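In structure tokens below, several structures.
Here come two complexes built around chain A, the first alongside chain B, the second alongside chain C.
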Partner chain A sequence: MNPLDMQTSSIAVTPGTRDDGYNFAYLDERTKRMIRRAILKAVAIPGYQVAFGSREMPLPYGWGTGGIQVTAAVIGPQDVLKVIDQGADDTVNAVNIRRFFQRTTGVAVTERTREATLIQTRHRIPETPLAKHQIIVYQVPQPEPLQRLEPRAFETRRMHGLAEYGLMHVKLYEDIARFGHVATTYDYPVMVNDRYLMAPSPIPKFDNPKMHMNPALQLFGAGREKRIYAIPPFTKVQSLAFDDHPFAVQKWSASCELCGAADSFLDEVVVDDRGGRIHACSDSDYCRERREGSVQP
Partner chain B sequence: MNAMTNAFTHRDHPVLRVSGLTKRYGDRIAVEDAAFEVYPGEVLAVVGESGSGKSTLLNCVSAQLKPDAGRVEFLTRHEGMVEIFAMSESQRRFIARTDWGFVHQNAEDGLRMHVSAGANVGERLMALGQRHYGELRREAVDWLSRVEVDATRIDDLPASFSGGMRQRLQIARNLVTRPRLIFMDEPTSGLDVSVQARLLDLLRTLTRGLSLSAIIVTHDLAVARLLAHRMLVMKNGRIVETGLTDQVLDDPQHPYTQLLVSSVLQP
Partner chain C sequence: MYVAVKGGERAILGSYALIGEQRRGDPGVPELSLEQIKQQLRLAVDRVMTEGSVYDRDLAALALKQASGDTVEAIFLLRAYRTTLPRFGYTRAVDTAGMRLWRRISATFKDLPGGQLLGPTYDYTQRLLDFSLEAGGETLPPAAQARAEATVAEAVPRVVDLLDSEGLIEKSAMDPSDPEPADLTRQPLDFPASRETRLQNLARGDEGFLLAMGYSTQRGYAHSHPFAGEIRYGEVEVLIEPEELGFPISIADISVTECQMVNQFAGSKTEPPKFTAGYGLTFGHCERKAMAMALVDRSLRAEELGERIESPAQMPEFVLSHSDNLEASGFVQHLKLPHYVDFQAELELVRKMRAERATDAAA
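Here is the complex of A and B:
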């Protein structure tokens, strides 16, 4: 199905056409209150991982069970929802989650970043800057940035408690020693509000600077690991680095084949069976907006 | 403040004081009523047979195990003698990774085996906030050469090192913050004699050169004779004899020490 068709048909959905067999937003009210309490705590302690009673969702772990629960807890009938997966609105994860919320809440949905009040995302932050009336919900597979270096959970909790984060730099040191530069390109660790080390979920490090002083509320949900954390609006978010190896984002020598953007995160797409490939914006809404001319380059 | 500075620099003031230390595992007594002091630049050996409470004593004194009774006081840089179990956890951990070192019997326990030798040496510095890659690199090369590990091995994993090299790397990793007190649990066991001799020689040079205090747990009297100024002999959780190393080894007083000394084969 053409995603544009779907969007036009779905925007027509009004509150009241939802499936009455389910409670609003699928979860029962007590569960939503429990998740909201966890979110409030997470917002109060930026970057701190709050444990919550993650529920079984009609979706396998790893497909966004954490993000979907956070969205279900904060969504209201007036919200306009956008769901993206790897920057695109028409990928299978995004389509499924969007349809799930259409059916259980009947809210309006959109593909346009500017129109959305609530954005659930997997692996990207939209190129269009977020505004203060917006909430972005990230799907997180692995909330503990230290886990690969220190497998004992009681030890990582103690390290967070005492703000002992030297170990994370050991990882960066290893990258530089081995590859000559920090080779971590996604899920790049950040310090939030000068206190908590945080995994930004597997977004490319290209998106890390967007988290810093962002006017939107950023919520992170990890369903399997049963953790919620948050970055309140206008919070300092710094990517880790060495003084002589400063943090830098990915750069491309190409620009988007479709819209000509030189400032967006590009995917390399194979277009035929002879090895032909093009670079295209990973953020499909941004690319379309530019092609339609609503954004001047 | 002056008194503290004096205490810190004065060689007659102990860097560590242990009194009445007792640790039980259920009904069994592991260490009972241990008391001793360690002075700046002094190497103290703790000897005794397996199960005599040596390792438990070392773990209690280095705050890895909480004793059931007794005091362990350490001479901190700014606050004089402080009871280590009365400190906050963060303060204790800070001291453990700056002023103390811990050399494990198995180097695998003291090293991060999946990161390179250079990162192993630099880890404590990074924990203290060193954020300059070039500096970390220089420091790592310097310490590898001090412990006689070829500096070209800096990017190799410790898994590719021999037993003796791993042990030396572990020592470098501990000494990089210039600790004042180092705990060693059987540092030479499991190494063959020529490698042992080299390691002992290195340890002697380092403790002398840095005027480092050390507590070495060993069952090898030769190690104690070579390295230690003073020694404690333990049996069934009690310290049965203490004294200067030569004095204890050449003129043992307690029957158990006499047995221990006489059971060593003289080549």
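Here is the complex of A and C:
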């Protein structure tokens, strides 16, 4: 397969047809109400993990069941849905989740970030800035930022209660002492609204600054771990750092082979068996927009 | 090559067709009927019902057929179906002392009221492949007579109740107010977890995981001196008491396996030495699971009984957070999903660190 084919042209808004055998968005209305209550609480306490009665979905745990339940609880018939995985709309799991919602809601879907009212994502935040009328739903494998340092949820809950985050600072300090810089490249911990330490989900730290003061509502769903959390619009989100070791994002010496972007997160694509490789935008919609010329480079 | 992961809808539909074809196998071979699965793969059906948390032999057989016999996949199908079902109410606690027994053994007493009843078991078969099954046309044993001897219709007291009359075993009286149980499929697991919640988690837990956990307690990781007080398998009546009626009505007879492990307890400042119990219960005939569950239930009571907590099987967070095979299977297998954004980030970091090291070495 020619790697250049992977950035296929976008479909514009496509209306769907709903399978009447299921309730709208699959979940029953009482379950949706339960999830909405959890979301409201999460919005009221930015960055705080709200436990919720996560349901067993017809997709596997670890494949987006949290994001799917959050999306199912907030989606309405007028929404325009975009689903991405690794920044792209045509990765198999994104396709599968989009098909699930097309089948159970019949809402219109799009690949264009600007046209979407609701975006479910795994591992990326789109390069195109989000707007006030948009909601972005993150799929979260591990909502607890402290888990690798303290596996017992009973303990980490106490640490959040007391805002006792010394353990994380020590971890970052040890990284710097050993490697000269923080050795975390994705799921890089953030402090939300100066209060709660939060896992941003496994987005590259490149995307962390996009969370700060974002006009869109950001919702996070962890199905297997049964937690929902949120960042309301225009909320302060800071990546952890030290004064003498400020936070910095990834930079590439290359630019996108397809659209020439030098400011986007680039995937490295191996093109032959002799070590040849090119770089291409991970955000396939951003790349398409640039190639079609709707954004000036 | 990673690019191949991007294939979209066509690839997914293609995979449906292929898995359908593989499931059916050679079309020249007659298709399996659900009745055959229900009748001839009973123990697989029982396990799927137990861990799928739905007592329905037809649905479990359908799930097994659809999953090509993959038990965990079948459990997944059944659970995903179950999640959409409305809750009508709670049954009364099932009375296992009133069980119509097909099997009942105790390893603690040679003989006891009601006697030992071996029933259907592979325990004392010699594990030699029976090539007469290979050919088909199995000759049926004189089943009618065996069954007549094997079923005990009258209620037989449970072994722990016999110990109870001497005060030798802890009391586990039912709360007379009969509070609504926690429902782990509706509310998230929270720690510390009550024993009822733990038992519910273990009942849904993966047989293999519980087996290994229970086994570890026998090999020095949280030794608890267990005896198989009683294992019974048979039919019990399920009763509900609708509020508007005010009396219980029977809605089903279901088969269950119950295991009560009896463990020594040295006593504490406030309690005299006595026996404690670990409890296991499954749908159908899942004896290995019921026994493992009882061992793990007991080891998880370490804190309550003032025992030192040193081993994984005694740690509720460790056991209960990892017992569910759908959670485990989903998360382990999610590693198949593309991770190239994260990998790219790591690649960049490792290259940077290697470059730094090379510069340091050169300097």
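The working rule: the second predicted complex is superposed on the first by the 281 of 297 C-alpha atoms of A that agree within 3 Å, B and C clash if a C-alpha of one lies under 4 Å from a C-alpha of the other, contacts with A are read in each partner's own complex, and residues count from 1 in each chain.
Here, a residue touches a chain if its C-beta (ideal position, glycine included) is under 8 Å from a C-beta of that chain, and two chains touch if they have at least 3 such contacts.
Please read these numbers as outputs of a predicted model, since none were measured by experiment.
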{"item": "Room on chain A for both chain B and chain C (clash or fit)", "value": "fit"}
{"item": "Which of chain B and chain C A:Y186 touches, first, second, both or neither", "value": "second"}
{"item": "Once both complexes are placed on the shared chain, angle at chain A toward chain B and chain C, C-alpha, multiple of 10 degrees", "value": "70"}
{"item": "Chain B versus chain C as contact partner of A:A177, first or second or both or neither", "value": "first"}
{"item": "First (chain B), second (chain C), both or neither touched by A:H245", "value": "first"}
{"item": "Partner chain(s) touched by A:V270 [first = chain B, second = chain C, both, neither]", "value": "second"}
{"item": "Partner contacting more residues of chain A (chain B vs chain C)", "value": "C"}
{"item": "Which superposed partner A:L162 touches (first chain B, second chain C, both, neither)", "value": "first"}
{"item": "First (chain B), second (chain C), both or neither touched by A:A72", "value": "neither"}
{"item": "First, second, both or neither for A:I84, with chain B first and chain C second", "value": "neither"}
{"item": "Chain B and chain C, minimum CA distance [Å, superposed model]", "value": "5"}
{"item": "Those residues of chain A which chain B touches in one complex and chain C touches in the other", "value": "none"}
{"item": "Touching residues on chain B, where the partner in the complex is chain A", "value": "89-90, 93, 112, 115-116, 118-119, 122-124, 126-129, 131-134, 136, 154-155"}
{"item": "Residues of chain C defined as touching chain A within the complex", "value": "1-9, 11-12, 76, 79-80, 82-84, 86, 185-192, 317, 321, 326-327, 329-334, 337-342, 344-349, 353, 356"}
{"item": "Residues of chain A that touch chain C when the two form their complex", "value": "1, 3, 6, 28, 51-58, 60-63, 65, 85-88, 90-93, 95-96, 99, 122-124, 141, 151-154, 179-180, 183, 185-187, 202-206, 224, 226-227, 250, 252, 265-270, 282"}
{"item": "Touching residues (chain side chain A, partner chain B) in the complex", "value": "158, 162, 164, 166-167, 169-171, 173-174, 176-178, 241-245"}
